[in-house]
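Structure first, then comments.
Order as written gives the chain letters A, B, C, D and E; numbering starts at 1 within each chain.
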Amino acid sequence: MDNILSPDEWTALMLSLKVSTIAVGASLPLGVWVAALLARSNMPGLWIVNAIVHLPLILPPVVTGYALLLTFGRRGFIGQYLDQYLGFTFAFQWTGAALAAAVMSFPLMVRAIRLAIEAVDPKLEHAASTLGASRIEVFFTVTLPLILPGVIAGMILAFAKAMGEFGATITFVSNIPGRTQTLPSAIYSFLQVPGAELQAARLAGISVVVAVGALVISEFVARRVAKRIGGA
Amino acid sequence: MDNILSPDEWTALMLSLKVSTIAVGASLPLGVWVAALLARSNMPGLWIVNAIVHLPLILPPVVTGYALLLTFGRRGFIGQYLDQYLGFTFAFQWTGAALAAAVMSFPLMVRAIRLAIEAVDPKLEHAASTLGASRIEVFFTVTLPLILPGVIAGMILAFAKAMGEFGATITFVSNIPGRTQTLPSAIYSFLQVPGAELQAARLAGISVVVAVGALVISEFVARRVAKRIGGA
Amino acid sequence: DPVIFAAASLKTALDEIATDFTAESGVKPLISYDGSGALAKQILADAPADMFISAATDWMDQVEKAEYILPGTREDFLGNTLVLISDKADPVEIADLPEKLGSEHIAMGLLDSVPAGQYGKAALTHLGLWDKIEPQVAQAQNVRAALALVASGEAPYGIVYKTDAAAEPKVHVVATFPEGSYPAITYPIALLKAGPDAEGAKAFYDYLTTPKATALLEQQGFEILKK
Amino acid sequence: MLEVSLRHDFGSFSVDVDFTAPKGVTALFGASGAGKTTVVNAVAGLFRPAQGRITAEGVTLFDTDKHINLPPRKRRVGYVFQEPRLFPHMSVRSNLLYGARFAPRDATGPDFDAVIGMLGIGALLDRRPGALSGGEKSRVSLGRALLSKPRMLLMDEPLAALDAPRREEILPFLESLRDAGMPVLLVSHSIAEVARLASTVVLLSKGRVIASGPTGEILSDPALAPRFGAGEAGAIITAHTAGRDADGLIRLETAGGPVWVTDAPEAAHLRLRIQASDVILSREAPAGLSALNVLTGTIRRIEEEADGRAFVQIAIGDEAILSRVTLRSVRALGLAPGVACHAIVKSVAVSRDDLAEI
Amino acid sequence: MLEVSLRHDFGSFSVDVDFTAPKGVTALFGASGAGKTTVVNAVAGLFRPAQGRITAEGVTLFDTDKHINLPPRKRRVGYVFQEPRLFPHMSVRSNLLYGARFAPRDATGPDFDAVIGMLGIGALLDRRPGALSGGEKSRVSLGRALLSKPRMLLMDEPLAALDAPRREEILPFLESLRDAGMPVLLVSHSIAEVARLASTVVLLSKGRVIASGPTGEILSDPALAPRFGAGEAGAIITAHTAGRDADGLIRLETAGGPVWVTDAPEAAHLRLRIQASDVILSREAPAGLSALNVLTGTIRRIEEEADGRAFVQIAIGDEAILSRVTLRSVRALGLAPGVACHAIVKSVAVSRDDLAEI
């Protein structure tokens, strides 16, 4: 790999993997919770939650990135408190890249999990409740295992999106090699330079290989899980 | 609306709506077909199809835009034949914007529909086949009605994505006011002009209102459909 | 190590200079390339950058006004030239452009935001061609995208910087816009207060004006304004 | 003790049900669509009636007036659903053990191995529900409810999918649970099952209770007989175990004389069901017949049916048995109220299903 | 004519089944998990055995050697699944009409209104399956298969979820279909249903056929009796309708003498099932009994059971009836092969379920 990738590119690849993995992992619990809420709750204001979740999809990524900057930047209206009280800042850090990737991929994850939850037969959950399980126990012992293929689908969609995300990321954390330069940012830089298509294509190829690898593995896992659920 | 939006912005809004609607509508049949294939077929090379479908998600949008340009541009390796034999070209046309939006939103649509198909109990399809329905008849009379909520979810995800898509669009068909300038392109332009943040925010707001409106309507429709399926 | 924010059009030259600089000094500049506007906005949001090279003066003005610049370090660094390109080699009279174009398109940067687009519009207006050409302008997200539209044959003509045209072998410079038909293209440079390595930045700042560095920049087609 | 009182309107169907089940097994009986599952769901807490009150063993499970609605898990009912509802992602073993982990520490219930053995599902433990046959699923579902250590069992046609031999292995187990004091609400279409298990029958029709009371009374009411299907009517009399003869037959004493049966629960006092169509009547004491059991009594009532048959009710002590005979025989034998007569019942016609502990 | 021959290994379970069903109704009988549904699925084309051959009415549906595997829709079987499998997104009416639109123009089948009426689902037509009771669902599912104008019916416990009165309304309809020539493969756990409908019984156990043949033979085989459950054994003899008496009783002639019944199909020749536990034996001709039917014959065989009972087979002409009595009676009456004896059967013990057209 060393002779294919420059050290900076290698760093970018590693960073992309780290950012995508953490973005997906960290947003998963929230994603499952929001999906369950949207699928099962009848709360009146829920459409607002739904709309907010979808926002990053609707808006051009740059706008989302800019909004993140205004919110979580060092002077952002949340960021300033994080900075002041926790000494923690997202802006121009890899954590910010992860935040951007998480936000951008969140609607995809939520939708996939939500569809899976809506497909679960509530009669099974009722059966569990007559057997003594509380709502939370029912969720963890019945609902969650049943939606696992959907959760995996949501994670892989989110991971793919996170691997490709760049508009919001570059806007929020810039494109500093070795620090916040993810694979897509590196690709983008190359694309802005006339005559660097080959380098861009090479990085794009690596990105594709990684994401497709993750995709194939996840499909395999999801199929096995689905088979276990289906019988045999 | 006239006093809120300039004529160019108004045109951009209308164009975005047209492009998104047509992108979603035109890719829907293919999306359903690919989703059915991925969900139900056991063909060996299917993971390649799966990977290709996910590509636009994995790659930075600009890369997808370039790929479209190289493929469907006037001298692109498909585009040249379209131009030569059908006199049809995507370049600098709203149709190109629609193509870009369709390609970019395709993975989201496919995944949602696929999840829905995987949730359909094959026993119902078997029952239909013993009652004399061919595979296609089974699909249209049993599978499709049962996955309707998933299809709607896929459409709305795709529509939202299409409304927000800009990287691939501007790369493929550039930004010609009145012809290929969609709402996100207009927003992007404003963001690059010192001090035009407010205008950008205004357009973003309109974009959000439209997409959230579509979202709320679709949720409502999907719930009604799901209720009909569930009983009562 | 110093963090440098630089306009994307500088990437080829600047990367090479940075490599040489690292070899000589052991300091590795981390260069973040993007549109000048995007970079300026990040600086205005407290981005930890040591140095900014913008492709346009207005964004640098914004940064200066907000007092992010180390006083006395802003200078006009580079100059560039606006050219008309085509995928064919035949030279063209700019005045004939509307005819040559017919119903086809001319690729330019975004007119409102990409400097190359703004300069192009100014030049065409000055030459009295703007009204005829305006409907045919395909605005690209950046200079690179405009080049690609010409290189792929999508648009027969495009307006870009000389430096961009030099880097893409599939396009030819078919005319150069007369000096004075557009405001001088200047790339201001400045050191910033907020960066992590002011010393390294200063060293790189100085290195940029060494003959070795300027030779590389000139080779790319830039004009050196600060000697 | 289970008290149920509920009202609900589904639009096309409404339920308005009130009944009290003293203890033991209460059978909900009624045609398809009568509202049995609806009532059971309400007791389980899965269906919330618009109006009503449900108490079980003194605990109020539901009361619209007092705004009480215990969640299903707090009701601790072991519900055997009409369809199996197994958890598809768990092995049969995990399905079976699911309820136990949520049961309170001090809750007791039948032993795992005993349940597995009785249901014959030992070989299925590591399989997944998707690969089970219909009857296997319903057995696992029964086991799952039994093993959840419930305070009460709700069983909606638990044995409908099973073959007769398997059913006969399960019934004694349910009897032993009942005898150990477990309250049971049972939905069943089988009179034999109801007669054997239930002490109380609640007869539902179109969402209303049309009769309820002790099993013997309900089943021997000729007016209700058509609801149970042809030839299922029969009376229930009391019998006392008097010992086992040398040839293995068990001798029971009844008010009308001894009755020998081949199999009976080990208990001093029994309820003995005699199906009306199994009883042959004779004016003279019969001799030389293979049928051993001859009960002597006096005809109390004759109910003629439209189709050339009649129910003859014969008083035996305080109790009565029913015989269903042709009108031709009624005339030929000169049967009439007040006439003394002998009721002949084959020992083998009294099966284990017809005997229950009191 | 249905010929089934199939072999498949599921790992923990294997099927190896061969049988031929001449015509009419063939009953698949066997314990839960015996492989009944597996066989029916193979006939329907929903399960593809590793090896085998299935032909119906001369058409090869499946043949591994010839690489024939007709898709389910081309087999045109009306399959009533063990669980209802209704289409949840369609109204009951659409569910019922689903199959008809795919049937060939010239296909015939029962009338919509007749089926609706017989199943009692007229009031449910505009409902969705989600809001139906268990029995309602299974009736709709039965109706859906009947109305698909099939060439053959496959019914996997179609009546298990129904109450006895409803079952008795459906059985005559199935009989009429059978009599109209519709081949039927029926899975049932009810001997009464099997005896009434089936001309052939295939007895499955653990994936193997352990007996198959005409219903009468199989049901009167004392060795197979335990498989059917206690007291369900019984013989089938031929009877000829001899007219209706003034009091409404129908007189049937058998080789052993006349038999009066209260209800019978209108046909000259009938199969009459007499349950072993309904037969009382006597050495002397009995008198003064309410039981009208006394068949005379000679004891052919006595099979003692372990539990103090015995099956006594009495030859009556070429045929035989079975009686199940206590060993005590066998001794008391001196019953032994060769002894002449009278079999007493109550008219009301012979129900409509026990009579079938030949």
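To be clear about the criterion, contacts are C-beta pairs under 8 Å (C-beta built on N, C-alpha and C of every residue); 3 or more make two chains touch, one makes a residue touch a chain.
Owing to the predicted nature of the structure, the values given are computational and were not obtained by experimental measurement.
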Chain pair with the greatest number of C-beta contact pairs: D-E
Averaged-CA centre spacing for the pair chain E and chain A, given as whole angstrom: 60
Gap in Å, rounded to a whole number, between the CA centres of chain E and chain B: 57
Distance between the centres, which are taken as Cα means, of chain B and chain A, whole angstrom: 20
Touching two or more other chains - residues of chain E: 131
Chain B: positions in contact with at least two other chains: 62, 66, 167, 188, 191
Chain C: positions in contact with at least two other chains: 38, 41
Which pairs of chains touch, using the document's own definition: A-B, A-C, A-D, B-C, B-E, D-E
Footprint of chain A on chain D - complex, ascending: 44-46, 71-73, 75-79, 81, 85, 87-90, 98-99, 102-103, 128-131, 144-145, 148
Partner chain D, residues of chain A touching it in the complex: 123-124, 126-134, 137, 141-142, 145-146, 148, 228-232
Chain B - residues contacting chain C, complex: 62, 66, 69-70, 73-76, 91-92, 167, 170-171, 173-176, 180-181, 188-194, 196
Residue ranges of chain C in contact with chain B within the complex: 35, 37-38, 40-41, 58-59, 62, 105, 107, 110, 112-114, 137-141, 145, 148-149, 152-155
Chain B contact footprint on chain A (complex, rising order): 47, 50-51, 54-55, 57-63, 66, 107-108, 111-112, 114-116, 118-119, 149-150, 153, 157, 160-161, 163-164, 166-167, 184, 187-188, 191, 197, 200, 204, 207-208, 211-212, 215-216, 219, 226
